[in-house]
Structures are given as C-alpha cells and as structure tokens.
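There are two complexes below, and they share subunit A, which is joined by subunit B in the first and by subunit C in the second.
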Partner chain A sequence: MDREIGVGRTSPSMVRRSASLLWRWGAGGGKSSLHSHLRWAGFFFVLPALIHLVIFKFYPMLQAFRLSFFRYDLMSPPVFTGLENYKLLWENPLFHQSFWVSVKYMFGVSIPEWFFALGLALLLNRRMPGRAVIRLAYFFPIAMSQIVVAMVWKFMYHPFGLVNTILETFGIGRINWLSMEESALPALIAIGIWRGIPLFGVIYLAGLQAIPKEYHEAAVIDGAGVFQRFFYVTIPLLLPTIMFVMVLSLLSAVKVFLNPLVMTEGGPNGTTRVLPYFIYETGFAFFRMGEAAAASMVLFVFLFGLTLIQLRLLRRGGVE
Partner chain B sequence: MGEVLLEDLTKDFGEVVAVKEVNLMIHDGEFVVLLGPSGCGKTTTLRMIAGLEEITSGRILLDERVLNDVHPRDRDIAMVFQNYALYPHMSVYKNMAFGLKMRKVAKDEIDRKVKSAAGILGIETLLGRYPGKLSGGQRQRVALGRAIVRDPRVFLFDEPLSNLDAKLRVQTRVELLKLHQHLAATSIYVTHDQVEAMTMGDRIVVMHEGVIQQVGPPMEVYQNPANQFVAGFIGSPSMNFLPATVRFEAGRTFLEGAGFRIPLPAERASGLQGREGGEVVFGIRPEDMRLGSEGEIEGAVEIIEPVGSDIFLDLNVGGASLTARVESSVRMSQGEHVRLHADPARVHAFDPETGETLV
Partner chain C sequence: MSRKTMLRLGGALISVLTVGGVIVMLLPYFWMVSSSIKTGIEVFDLPIKWIPDEIQWVNYPNALTKGAFGVYFYNSFVVAFAVMAGNLVFCTLAGYGLAKFRFPHRELCFRLILSTLMLPLEIVLVPTFLVVRELGLVNTYGGLIAPLAVDAFGVFLMRQSIRDIPDSLIEAARMDGCSEFGIFWRIILPNCKPALGALALLAFRDNWDQFLWPFIVATTDDLKTFPLGLAQMEGIDSAAYHEIMALAVLGMIPAAFIFLFFQRAFVRGITLTGLKE
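The block that comes next holds the complex of A and B.
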C-alpha cells in the first residue's frame, strides 16, 4: 500500500522516511549504500553553485583583500606596501567625498523607497478594478535593462528633454539637471527611487497578503479604526518584511554604479562620484589597483557592519 | 439586553446567493446554534451580524435598533474566530486589553476587567505570554477572554472548537456552556458539528443552501425533523432512508419496500392521505429499531461495528444499506439474516421530490 501511494504522490510516511534518512546522513550515521548515494547526490546538486561562489565571489574577494596591501598598476609586478594604500585613502579628499556621496545616495534613495513602496503596496492590496494590470505596470521598471534605463533618463534630464518640457509648462525654467552640482545627485537619487519602488512594493505586497484577514476583522470588532489597525496590526505583523526591505534597499543603493557611469561620469565636480565609481576610476582609469582594492575593502566593511546592525534589529523586531 | 432579530436577511456574492431571506428571533440570554454543512450560509449570517459582511437586503436588529449601517465597533458584539485571531505580537494581556484600549477605557479599569476575565477562564498565569507559546486550548481561552472583557450584549462564535483535538473539544464544550450559564449573555454559535449543536444549543437553526430548514430545541429537531435534509444531517450515525411505497390495507397504512413492510399507527398516517401506491422515502434512526423474530424489516448482516456501549450493524435490506444500533451483549456473525422491529412512533416518511416530512 505504502509503495503504491509512494509512486503517485508523496505520502506522510515517505516524508518521514526521507527526513529520517537525511537526519542520519547529517549526523554522519549513514553506512549503507543508499546513505552514501544520498550524500553524493546532495553534494553534486550543490556543486555548481559552490563552484560559482568560490570562483566568482570568494576568490576575487580574497584577491582584493590581498591586493589592498600591494602597489600594482597592471604593468609592473605588485609590490607589497603594507597599509600604505589605506593611508593613501585616508589622506585622499576624493575618497572622503565619495564616501559621503555614497552615504547621501544610499539614504536618499532608500528612505523614500521604504515609504513609497509601502504606500504602493497598500494601494495595490486593496480590491479595485484592473488590479492585476496596474500591478504589472508598476513592475515594468525592474524588468527593463539598467543600461537602457540610464540612457533613457539621460535623455529625459537633457536641457531639452522631457523633464524640462514638463517643468516649463508649469512655468519653471529649463534646468541642466546632470551638469549642476546641486541637482546631479538628486537627479540620480530620483531614478534610484523610481526603480526601487516597484521591487520593494512587490515584496511589501507579499508581506501584506501573508497577514491573515482575521486579524484585521478581529481588530475591526475590537473597535480599531483604519489608522489604529495600520499601526497596531499591519505594521507589527509586517515588521519582518519591513526589515528585509530596509536591508535590501540600502545594500542595493550603495552598489549603484551604472547610472553615474553612463549619465554623469561621477561629475560635476565629483558630486555624483559614489564609492563604486571611485573604485572603478582609481583602478581602471588611474591604474592604482591596490588603492582601489583597499577602497573596496572599506566599502565591504561598511556594508557588512550595516547588515549586521539591521539583522540584529530584524531579530529583535521579529514576531514572537 | 441582547435580543437579536433577523428580518428577511439576504446576502448574495454576485450570482451566488449565500443567505436567502432568513427570519430569526434570538431571545436575550439564549444560546442559539447555526448548524449546517459548509457553504450553507451559517458563517455568512454570523458575519453579517458582526458587521464584517455587507447585507444585500433585509435587516438585523439588536434590541430593536437596526444594525445594518452600524459600524462593527459600535454594535456591542464580540466575536470568537475559528482560528482565534490572537495578535501574535501582543501578550495575552494586551490581546485581551486591545478592545478596551481602542475604546479608550481607563487603564486601571482595563486592568481590572482583564484580570477578572482571566480569573473566570483560569488563565491568570498566561497573561504575560505570547500566543505563539500557548497550546490550542489555551489560545481558545484567550480568544474567549478577549470577548468577555468587552462585556458585550451578544457573543458570536465561529466554529471555535474546530481547531481542537477531539478530547479537548468535549472538555471545552462543557466549559463554554458553564461560561454561558455564568454570563447569561446572548450567544450565536456557528458549527457544522451536530453533536456540538445538540449538546450546546437552547435552540438549533439548521441551514442548507442559504435557507433555514428548521428552528427548534435540539430534541425537537432530532425527533421531529422538518424535512429529509434535517433528518439526515442531525444524528450520528445518520437516519436510514429507504425507498418505499404507501399501501392502505384493511383500514391500516403500511410503508412497503424491498425487505420491509412497516405498519403505521392511524394517528401518524394522516400525512400519507391520498398517496396510495405513491413513492415515499421511509426513514428510521438506527436506535429506533430492535431485534426480534417478528420484526417487519429483514436483512443480512454485512458489517459489525462494536463501539463499546453499543454495536452498529450494517445490514443489506433488499439491496439497500441500513444501520441499526443493538445492545453490546448481542452476538452476531457476518452474513446472518436478522429481523428488526421498527418503533412505530419513530418511523418517518418524506416526500421523495421535496424532501418534506409526511410522517
């Protein structure tokens, strides 16, 4: 009987058996051929991802870490210089400027994203006609290639582009968005927000839909109004999602590179030279690979620290 | 006070009519059970009373006040949900206090009420815990506590015992009844479990396809079902139904079919007037038959199910299946031919077309 069921669909006993096999394998107790077979099968399933991770992630990271202690210009052999690169960075005003540009960009993009994306998700979570079409439309910005987005926005920000044409109809003069120190970074931030909202909106939406409607109904009967339900029911139950969105949005914002490269080349006057662009420029324009690697390490430590803080908050904010 | 009146209450979801012209008066302090299979409209009716579902037509009145356009918050009604709906991020205390807090009740008053309700339910020690750390039974009590602290005029229960295991369900059923006696508040209880309905309700409202089939005290509904649906839905094992023909012979009325010929007492046969030779559905409950060599029903034993206190016999009567309850001392073997005597006072007959009760 068991066997019969096992062929067509997964029976509870089959799940139990598999779980016990896996457990014993994990505990190192497996001796039979089935156990060793399982062990190898599992290993081979993970292998491609493992190879990718080692070759394309861990190895370059380790190499960058090593390189950060060398002077290297891609022509002559690397020379060990100890902490010289870190000292150079510390003394380099451009690095400081880049760091703060990155911080500004990161929070400038992320914070509005958290709120707008939540607003969008709340809107899309309501019953309304054509909801599926609207959801799809909002998701389009993510589906577009990043380089295409950068090019299109570059044209839109052009003194004779769409943005200025629209502003002109409101009586606001033409602005050379990407060439002015005051407006270049905000212009890039606006694109970042525009592109991030749908992605994080969809994540929020999934979080909202995972909240059983009974909680809201119980709150309605308990006498909670719309705002009270939002603050006492929706927000606490959405907290894990909110934390996830916060981590993800900050990390993705700080890694921005293509938009400054295509649209401003870090200018004007370094006001859009975010850290990844600084690293690229130092390494591949000035051929100071060691210094670029050291800057990468600083960025890595910064992101790592930020993630740790947020994961801690996430654990604390987690629902009991 | 807590007198609820449903007047021509109707709810449709587009083409589907979930509740159809329900009329029902629920008296103050009464425990009324809405009973029926899934999709019969019982939960929709309850949700309309709670204000969670809009009313398509008809009226709901609580103590003569029309509730149709009253916000759920202002209806003075508390509800216990099937899955309890306890806020997972709030302690038991906060869960119970939430409704009062939203109504801006003073803190010390909230404290007094929560502790008093916790005392009634025996959950004082759980107040600091979170719902995730509670057992099913404990959650159930907290959900009740959340309703009690509000001191509402009407309690609504949406299958509150269905998530508990069988033993706990019986235990909680008794406790709920005690609680009802203690609080004496109007309670409307939805369930698909007829045992729950029979044991708990002052009155049972049997619903089917959005329509009330019968309203009455449990034993009345059990003994005098209004139609074949009610007869079949209430009782476990359910009533036996066998196709039969009406015969009048020598001034007596008989229900005749393959393997049985039941004489009906004259005072019970009036519903069959003018149906001579007509088809009806003969109905008899398993416990309304007894073994006897003179019995009017003859069948072969197919399955013997001893349940401890009794034995259920599954018989083949003229090709149809019939369940009879016999004493546990009876010894039977499979394939044996037996005769059963049907209690004439407990014999039912239904119209095969409409299901309406004839006898």
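The block that comes next holds the complex of A and C.
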C-alpha cells in the first residue's frame, strides 16, 4: 500500500490505521474495521473515572475486607486476629440493636415513601389551576440541605416546638420527642419520609409523563373507569419506575447518618444508633478500626443482598 | 348522589389534599424563617406569631460571630465547586466513552462503575479515611475534595444523555477530519447541555450539603464546612434557637437560589436517572 505520510501533522486516516494495527496486535488479531481505533479512544475517555473509582472505591472496599480481620487502632501496627472482629460484633448486643434500628428505619421510611410519593405524583400530574406554582412548592424542599433540615426539625420537636404546639390543639400533651426511647426513632422516620416524598414524587411524575396518552385514551374507549385505568394501564407501565424508586429509597434510607448524629447522638439508649452511626462510633470515637471495618462488611452484604433481590424483582417485573 | 356532585366532591377533596400537602411540606421552613427574626424568648411564645412585632435582623450578624462562619461558608463553596468541576469533567468523559465507543469489556467497565453505587461512603468510610491518610491528605482541601470528585451516578447520567445524540452527527464530524477530542468538545458538549446543567446542580447541592466526609477528614476549624460549623455551634449553644435558625436560613440560601433559578434543569436531573433504560 503506498501512501504519503504527512510531515508534522498526522492525518486522521493514518492515526486510524496505526491505531487499528495496534489494536489488532493487542487483541491478537480480529476483524479490522474502519473505526477500530475508536476502541482505544473510548477506553481512554473512561479511564480517568475508572482510576478514581479504583482508588477511592474498590481499593478501600478490599481494604475494608482485609482490615476486618485485623485489630487496628490507627496508632500501633495492625495485628491479624482472624475472625475475632466478627465474633466481637456477634457478641455485642449494641451491634444487634444497631442492626435492627437500621432495618426499622429503612423500611419505616421507604414503604410510606413509595405510596405517598406515588400519590403526590398522581396529584401533580392532573390538570389544575396554578399547577406550576404547586409543583414548585412541592419540589422546593428537595433542594434543602440536610443540615438545615436537621436543625429545623430538632427545633420542631422541641417540647415547646411547633409539632407539640400543633398536637396540643388536638388535645395531645407535649412530648419530648427526641429524648424518649419510644418516640425518638419514629420522629426521625417521620423526617425521612417528609424529606423523601418530593424527591421520589419527581421521579414518579417523570414516569407518569412518559406513559403515552394513547393508552389511556384507548382504555377510556374500552369503557375502563378511573380505578381500572390506574391498575391496568398506569401501574404496569410505571413498573420500572416503581422498582427504581424502591431500590433508591431503601439505599438512601440505610445511609442516614446526619440526623441521628446531630439530633439524638444515637440515643436515647441507642434507639437511633443506625449502622452507619455504629460504624462511625466504633472507628472514629473508639478507634476500633478493624471492628468498624467488619461492621461495614455486614452493612455491605446487607445492601448487596437487598440490591440482588431488587434486581431479581425488576427482571421478573420486566418479563410479565 | 348524582355523578356530577360526586365529581365535584372528589375535586374539592383533591384540592384540600393538595393545599394541605403544600402546607406540610413548607411549614417547617416558614417556621424557621419566622423564628430567625424573633428574640430567643419569642420563639416559644404562644399563640404563635408568624411575624414578630419587632423584626430582629440583629440575629443574623450575632449568629455569624458564634463561629468562624465566613471560613465555613468559603470552604463549603470551595468543596462544592471543586467537586462539581471534577464530576463535570470526569463523568462527562466517561459517559462519552461508554455511550459512543465500542471497546473490549465496555459493559464490564460500565457495570463496575455502576456497582460503586453500592459502595457509598458510609460503607467504605474507614478504609477511605486510611487511603486519604496514606496520601497525606487528611485535613487538606485535597482530602476533602478528591474522594468525592467522581460519582457513578454522574457517569450514568451523562452516558444516558450522550447516547441520545445521533451517531450521524459524530460520523459527519469524523469524516471532516475532526479529532476525537474535537468531537467531544464541539459536538458532544454542546449537545448535552441540559444534562451537564443537571449534573452541575445536583453535584453542587449534594456537596454543599456534604457532612459525613468533612466530619471525618477536616479536623481543624479552618477546613470545616458550613454544615459542620452549624452542627458545632448548635452543640455549644443549643438553646439559641433564634440564632441557629438564622444560620439555617443563611445555609439554605445557595440551594434555594439554585433551585428557583434552575428549577427545570434541577428537576430534569433528578428524572433523567434511570427512567430511560
């Protein structure tokens, strides 16, 4: 093949050819195509992000796994102790308590969110006067900072705060919500729900808007009522969104940390010490890094299992 | 009951629900703003006066002196903008690579990136701290920013929207001799502005808000961010609700500003995630 090689400037076709040669060499042969050089280009675009995630996600994850078999206090060198950390956790009633607090919080927040958020989306999807303003009012809280929310609600739950003032008008006595064992976790759950509804409402709303109008029109022509249309048209078509919301709400609920930290400090009596708080406390307050890593592994397995179940559900949902 | 009255009743019920919902959603914020302009005693006055007789603007300057809040705000802005920039650059590049190129193990790369969604900071907290310590970045801006600079969610967002750009556009540019980076710069970026805007907004909001990581890695006052400063001030002076609320109002402003001005991009960002698959 005779061709001119440009001086000083490489022609695109040349780069393409040489890259394609390189690729064939790298991949051990294969079909040459016009754009095979793009294989490398694509990989290089992805590389920076990949390297970052290897350093700050995958490597730490492996480290967490390794560290969970060591005793380490940040000062003296780590000592291999086998399964000691897991045994310690298993025998630690506070860990058991923490695990169940997390489970309660997670489902306590997520399940109401699924329904309320769907309700909100259905509401906002209707034609009504001032819809834009109403949507704005509902979506505004999504932008709010967690710390602002935590501070406002700590004040709201004060014995003389707004929550008690409102309840008092209904004849319910003043409660010190955050310092009683029975009420602290429900109080935090209520904040979680309140916070999640607009966010998942937006996602549902987008899902609703993606449903072609023709389906509803066809159902109307076939004589379907409001409820029939909801259960036989809206719900099946919304299923991917519903699954997505389920996964996302569970995952975000299990990560809650700020509210228990600044509102209750995990108390009273550990009733709001969720797993991330337990991990933080074990690692950075008691300097038992190995045990904290072991607790992280438990949390990870828990999340992983949950995600697998969700994916399985999602797949089944997609087939039917 | 006739069908018409039932419909009317239903409509009225829905209106009541709608308005009631708005009140539940926004009332805490009204209370926050209202309390921030009262005296420390007035905040507990009954019946509630939403607008006090005398507005206490002085709460704001007073509250700001309860900690190095100038520094905290500055640090929050630095972290939020730096993390936003990191996400814009790396997530967009990766999203482009994943959306428009075929290369070996592309799907594996994508899955690996997505799988990090299951590794939130809460899980890798201890080892991430150890990594940052090994890199000598504890209590530095680098340490605050670096671990947050790429988010799998951003990669996903960008991949989804870049996939929608027609291949023919890219092919045409390639035929005209445009370099790969030129294609990225002149074709891809202008065509995914909405997603870029959404990513920028979400990254800013999440990291303006970042608590857990600065809480672990910022040990001295000069590196603390606003959320840490506010939590710290509340811990010291937990009875000064009027001033805590004043600070909360100030902390709310950047997010509220962004939301009000970029509402559409913001909502789009949230909805772009995972609905197109």
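Following the convention adopted for this analysis, the second predicted complex is superposed on the first by the 275 of 320 C-alpha atoms of A that agree within 3 Å, B and C clash if a C-alpha of one lies under 4 Å from a C-alpha of the other, contacts with A are read in each partner's own complex, and residues count from 1 in each chain.
In this text, a contact is a pair of C-beta atoms (placed from the backbone, for glycine too) under 8 Å apart; a residue touches a chain by one contact, two chains touch by 3 or more.
All values derive from a computational prediction rather than experimental measurement.
A.B. asks: For the combined arrangement obtained by superposing on subunit A, do subunit B and subunit C clash, or do they fit?
C.D. replies: Aligned through their shared chain, the two binders fit side by side on subunit A.
A.B. asks: Going by the contact rule stated at the top, is it subunit B or subunit C that touches a larger number of residues on subunit A?
C.D. replies: Comparing touch counts on subunit A for subunit B and subunit C gives C.
A.B. asks: Just to be sure I read the superposition right, which of the two partners does A:V301 touch: subunit B = first, subunit C = second, or both, or neither?
C.D. replies: In the superposed model, A:V301 contacts neither subunit B nor subunit C.
A.B. asks: Would you check which partner chain A:V79 touches, where first means subunit B only, second means subunit C only, and both and neither mean what they say?
C.D. replies: After superposing on A, A:V79 lies clear of both subunit B and subunit C.
A.B. asks: Per the contact definition in the header, classify A:I309: touching subunit B only (first), subunit C only (second), both, or neither.
C.D. replies: After superposing on A, A:I309 lies clear of both subunit B and subunit C.
A.B. asks: Which holds for A:I172: it touches subunit B only (first), subunit C only (second), both, or neither?
C.D. replies: Once the two structures are laid over each other on A, A:I172 reaches no partner at all.
A.B. asks: Under the stated touch criterion, which partner chain does A:A218 make contact with: subunit B (first), subunit C (second), both, or neither?
C.D. replies: first
A.B. asks: For A:F140 in the superposed arrangement: first (subunit B), second (subunit C), both or neither?
C.D. replies: Once the two structures are laid over each other on A, A:F140 reaches subunit C alone.
A.B. asks: Which of the two partners, first being subunit B and second being subunit C, lies in contact with A:Q228: first, second, both, or neither?
C.D. replies: A:Q228 contacts subunit B only, not subunit C.
A.B. asks: In the superposition on the shared chain, how near does any CA atom of subunit B get to one of subunit C? Answer in angstrom.
C.D. replies: Here the least C-alpha separation of subunit B and subunit C stands at 11 Å.
A.B. asks: Quick one: which bits of subunit A touch subunit C in the complex? Just the residue numbers, please.
C.D. replies: 11-12, 27, 38-46, 48-50, 52-53, 55-61, 63-64, 67, 120, 123, 126, 128, 134, 136-156, 158, 160, 162, 165, 194, 197-199, 202-203, 205-207, 210, 240-241, 244, 248, 251, 255, 257-258, 261-262, 275-276, 279-280, 283-284, 289, 292-293, 296, 299-300, 303-304, 307
A.B. asks: For subunit B, which residues are in contact with subunit A within the complex?
C.D. replies: Per the stated touch rule, the residues are 50-52, 72-73, 77-79, 81-83, 85, 87-90, 98-99, 102-103, 130-133, 146, 150.
A.B. asks: Enumerate the contact residues on subunit A facing subunit B in the complex.
C.D. replies: Within the complex, subunit A touches subunit B at residues 212, 214-215, 217-225, 228, 232-233, 236-237, 239, 319-320.
A.B. asks: Please name which positions on subunit C make contact with subunit A in the complex.
C.D. replies: For subunit C paired with subunit A, touching residues are 14-15, 17-18, 21-22, 24-29, 31-32, 35, 44, 46, 48, 89-91, 93-94, 96-98, 100-104, 106, 109, 112-113, 116-120, 122-131, 146-147, 149-150, 152, 155, 174, 177, 179-180, 184, 205, 208-209, 211-212, 215-216, 226-227, 230-231, 234-235, 241, 244-245, 247-248, 251-252, 255-256, 258-259, 263, 266-267, 270-271, 273-275, 277.
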